[in-house]
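A, B, C and D label the chains in the order they appear, each numbered from 1.
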């Protein structure tokens, strides 16, 4: 039996985007999480926050329309949407650390079944890792979702019993969107809410270090 | 569509509960959300803890809420001022609990609550009776007192302009405590002198970003009641 | 020998004003200290701060020209001068508590010879004293000067060995301007820098609880 | 007359001393005071501790100062990014000390220094190796790490407009760290894209009050040197 094609990065971003309700204040981590915004239609008003003092990030500018004074946390050019506002870094992180963001979507190296997050350094001896705002976001936002591939490029599980990499924050992740499944952190394992069409539960478990269980209403993961 | 604008003062204050901690903006009368306070009297919530710089003047606004017997405790820096007649009578009669806080400590405790800082050290109050019972710690050879964050359930503030996302500006010294209080509160209710279309406020000059504002009512909403009773 | 006439409140304010150099950021306490601003000419640019978020307080408005949105810490109508700015209360007290003000001039009930300041409550049993920003200013400004009558209305000294009233802050006062003298805090007493014309040093000492000493260049206190 | 405007970059940075702690505004390249950093290279101060979010890109600005061997230690949140070639080489060679600080903790420690708060508690970093050696305390059932204020001797910032009192505005995301750094520094030196007459900035819309700015130089001062060497 051939394995089904995992979700593309775009499809993963779209899947996470589908779960963000209107009115939420949301920070998107650098990399794949930033793509999530592309799949939230402008008419569903979600207010995107960027660590460098921006509330109300809009779509990327057209080529040649970039404003050099307007970048996001990944230093990419952005636009503002109507209703946007600017603040300084201390106020911007006050929003993060004070629990004012409804959601932060981050990438990760590993997520443990108790919600531990490792996404800033790949080993204790990494020569000069950058932490950026990862620890602030992980500790401060009301909800942390992780968006990442289900395994590393060489096939090692990223959903683990216990993180091997240095922690960003303990017990903070609520949900994980991978290219194979949508899973909730459940303390003693992960609860699978959605699984890739055609992928067996056993195959998913084989690619996951932590024990998995089925949600009562386990559904098929489809691109949105 | 995000729309934080409600069409009446009654709707603005509808779900403030008995026992709530309510931060009330304003420094003296400037920036005082008088109409929201009158709506709160109508609404009926009682056993409130109020955080405010002053303890009300005359018989309107905060003083009216106090006189109606809805306030159990007030946390403030300067309760007595010209015209604080209701406070003085009720405090003397033992009907009001008072927590006196230095004005800057009050502002900083509010901001700390907004910033996820549960406690911080400050030199203000060291060696005075307002530090009694508090942890004092020497840091780099100087003494500091440990102050706790002061979160609120609700903040009532007066703003100049606001849009449907809750972005707001202030007018001159009307800004005062509104900003740190809005940061500190789980729910901030703003009465606005003007409602403006989304996108008309300059992003560089929004004073209070909408993330800190949860409900907006226009100054001239139909049930405006600026004098009480 | 008849005693000379003590300085008027206006003359006291003017005397303190004379010592404020251009460029200082200065907070003036409620009451007599507020009058000091009237004696700093506008062309000597001193930036007056008011606790309620104002930097650059100007002269009182003409009758009928009051702006209801513009008051000082004493809730009196004020004007702004060119170069003024507004901030919120947390930032305003950051200026105070962070040591950004060069000077704060306060009134007092008592000043002790070690610099202890008592200016917020007149007894331990005061029913509901207001502290306002007094403790923040006393602990935060770079320099604290006190402007007060030399004695109480019934003649008791206000410059004391040790404060009887509840402290606002310990060891903060640097200088005291009274209606009889200008004195520096000196730990074991006060050093008299200026004394009212015609008042004997012994008379001044008789009205002062703490021991006084003469400054090497002791001068005559004159209205400015 | 108060006049904080100086007529050259050289005058602006003239008295920065060896061993100074220098906070450098900017997030990536936006708001980076590149010209002030080049003037600092010319000026010659060495053995500096630099506080900045990033550790420089390419071979200009902060990277040029680093490459010139003037920086002993850098306190930052994200040293490595696309183009941080100088940092990587010098750090690997042991020529640079690094204190890694979470970005929000960095901003808050700067603000705390400006606010007279010697230390505060924060949840950020609890349970991670960045909390090693720091006091951890349980407050109301949750763990927090004690972080210290981070004062600077000098802040170098880029502003949009400034007047002779030092009042300044920022342009969009150029604001970032400049504000808390100016609060934290004993001496803040601002390079301004425009110098404006006193009184032309709206008091309600001054971003950085002049009390936090000690010296201003116009972007196009005669000794401007935007590329180095």
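In this section, a contact is a pair of C-beta atoms (placed from the backbone, for glycine too) under 8 Å apart; a residue touches a chain by one contact, two chains touch by 3 or more.
Every value quoted in this text rests on a predicted model; they were computed, and no experiment measured them.
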Path length in the contact graph (chain B to chain D, fewest steps): 1
Of C-D and B-C, whichever chain pair has more C-beta contact pairs: B-C
Distance between the centres, which are taken as Cα means, of chain B and chain A, whole angstrom: 36
Centre-of-Cα separation between chain C and chain B, whole angstrom: 30
Euclidean distance of C-alpha centroids - chain A vs chain C, Å: 56
Touching two or more other chains - residue numbers and ranges from chain B: 108, 111, 115-117, 122-123, 170-172, 203-204, 207
Junction residues of chain C - those touching two or more other chains: 80, 86-87, 93-94, 97, 140
Category of the chain touch graph - line, ring, star, complete, other: other
Pairs of chains satisfying the touch condition: A-B, A-D, B-C, B-D, C-D
Chain D residues within the chain B interface of the complex: 108, 112, 115-123, 139-140, 142, 144, 169-172, 203-205, 207
Footprint of chain C on chain B - complex, ascending: 27-30, 53, 77-81, 87-88, 91-92, 98, 100-105, 107-108, 110-111, 122-130, 170-180, 207
Contact footprint of chain D on chain C as seen in their complex: 22-23, 25, 43, 45, 47, 49, 55-56, 80, 82-87, 93-95, 97-101, 140
Parts of chain A lying in touch with chain D, wherever the complex brings them together: 50-54, 67-71, 75, 80, 86-90, 92-94, 96-97, 124, 127-136, 139-140, 166-170
Chain D to chain C touching residues, read off their complex: 1-2, 111, 113-117, 163-165, 167, 183, 198-199, 201, 203-204, 206, 209-212
